[in-house]
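Down below are the structures I want you to see.
Each of the next two complexes has subunit A plus one more chain, namely subunit B in the first and subunit C in the second.
After this line comes the complex of A and B, so read on.
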């Protein structure tokens, strides 16, 4: 992906685009907020979503385990982790389920992946210098919960075509500066 | 007691459309009346077939729960529960508190920690309600059955298949209102469930 706005004055705050992937790996939302990334065709976005979904699942399953230092009290395995506590290995933080890829950074952009507990993934492409991406993602999740999930005519897992969501998302991102 | 006015902390845009605060409030009686109307209409539509009404309420709740869970997660910011006991507390003390401003008691655990009861001392859905006097509603209708569905839908979205049903209701003349919740299994795959 090529970036041409490296020196753009507002690039430090830039949110390039947002992708939402449903729990089955399907692309349900894609929107560009600011130019900077190369545009992809609709089909390529679908492929990107599906590929990322697979890669994410792989990164979750290859999370390295560390050898247990001593015979520490075995931690009850929580759903989702199912870490075999009988072996001499454990996740670095056994109380927290493995999350998989969380962000990917290049000198041109940063890709942040936020997966909700329900399995939906929010992919945010930002400038690498953009701060508090977590705040942005949380806000997007709130708007999604409000204007997508609470719209009684939105069918779950289907592409998001909610005008109010588009509007509030755009307004909030614009007002962020 | 009569002057009591519960204001449900239901998140809604009914009150302030603009510049909404994190938790907007809506008059509890509006919710009570709306819900009561739905149940009464179902009883009429299904010719007082209360088994069917229970089923429909559960379905409606299920579809609500699947959507409401995202709001709960997005705004409460809580993480995944480590076990079913933690889930029960989360449901009772955070979930019911946020959406209905009640906090049912979690009790009667089975020894395998897979089943518990929620005892509702206060049930805003049932304020002012008297069940029909037809000799059957008292034995067959679970007036607040929508709550069972909400729980089922919401927990299914966070990979828990549960079964929930009421076992007693003060509306029927019982001493308590009690919902029994059982964990069926943790759902491992992430296939999307169907709306009912």
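After this line comes the complex of A and C, so read on.
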């Protein structure tokens, strides 16, 4: 694995575009890095951001709920199972907080969604072969924190127009490919 | 690998088949107590039918989004959250097959295609008694299909 990535220095790590959605579902940043996806009009991007915001919430709410055995049930439960809660169900991954859509795969691209604790969503469109998108997303979040959130002229929840962010983001992604 | 549920939607956005599997057969005893338990704790009880509608809305929106970005020949394959994975397969006749599984499952595209070819076409489409459209929400009411689907999921995919 390691060897092959060294031989082909991240040629497969194509990052198509980045979209940032604020906590209300509004589009605050959209940028294309490499051709590969169709270009949409600004209005379509706004619609896409709003739609995704809604779908993201629904994907969280349709999480399968696994019924638990009731405490009053006479059937002896195996000792390995988690303690039954009063709500009567548990989630498939009890240790992990329930989240909405995290990644989506299609024939042509892979969409990774990272939601910050404050509800801002970062949507990264990459090549489907791309391995660890997490490092890219984390770096973008870091750049966002440094050059957008620390910018005294930036108004929260408003479109991102920060030159330094654009510059550093572009330079960092170019450095990778 | 665990399969949580399976849905079929026809081209009129109607849910024509849905099936849910409990991950542990031991909890069948607890199943009958769930509605009462949930109701008494004041939780909102969502009917299973609404669940199918939410699933349809999700895959419909995501499919349109994918088509818009990737072009007409792009296909929505699957998505994952921190809890589950949803697999999607659409036939050229716009019948949609959706399956919810746990995160460990590999791509189920082939499996959904097999369900369509070997089970749905064989037992439902080729059945002269089964309706072509399902306007009243009758759905696929076919013992042979249900039994073989059950077998496919419990034996082949287990």
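We take it that the second predicted complex is superposed on the first by the 148 of 177 C-alpha atoms of A that agree within 3 Å, B and C clash if a C-alpha of one lies under 4 Å from a C-alpha of the other, contacts with A are read in each partner's own complex, and residues count from 1 in each chain.
Here is the rule we use: a contact is a pair of C-beta atoms (placed from the backbone, for glycine too) under 8 Å apart; a residue touches a chain by one contact, two chains touch by 3 or more.
It should be emphasised that the depicted structure is a prediction, and the values quoted were computed from it without experimental measurement.
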item	value
Touched partner set for A:58, first subunit B, second subunit C, both or neither	second
Contacts of A:97 with subunit B and subunit C, given as first, second, both or neither	both
More subunit A residues in contact [subunit B versus subunit C]	C
Which of subunit B and subunit C A:135 touches, first, second, both or neither	neither
Partner chain in contact with A:119 - subunit B first, subunit C second, else both or neither	first
Subunit A residues contacted in one complex by subunit B, in the other by subunit C	78, 96-97
Complex contacts: residues of subunit C adjacent to subunit A	2, 4-5, 22-24, 26-27, 29-31, 33-34, 37-38, 41, 43, 51, 54-55, 57-58, 61-62, 65-66, 68-71, 73-84, 86, 100, 102-103
Parts of subunit A lying in touch with subunit B, wherever the complex brings them together	22-24, 76, 78-80, 95-97, 116-120, 138, 141-142, 144-146, 149-150, 155-157
Parts of subunit B lying in touch with subunit A, wherever the complex brings them together	66-71, 73-75, 77, 79-83, 157-160, 186, 190-192, 195
Of all residues in subunit A, those that touch subunit C in their complex	37-38, 40, 44, 48, 51-52, 54-55, 58-64, 66-70, 72-73, 75, 78, 86-89, 91-93, 96-109, 125
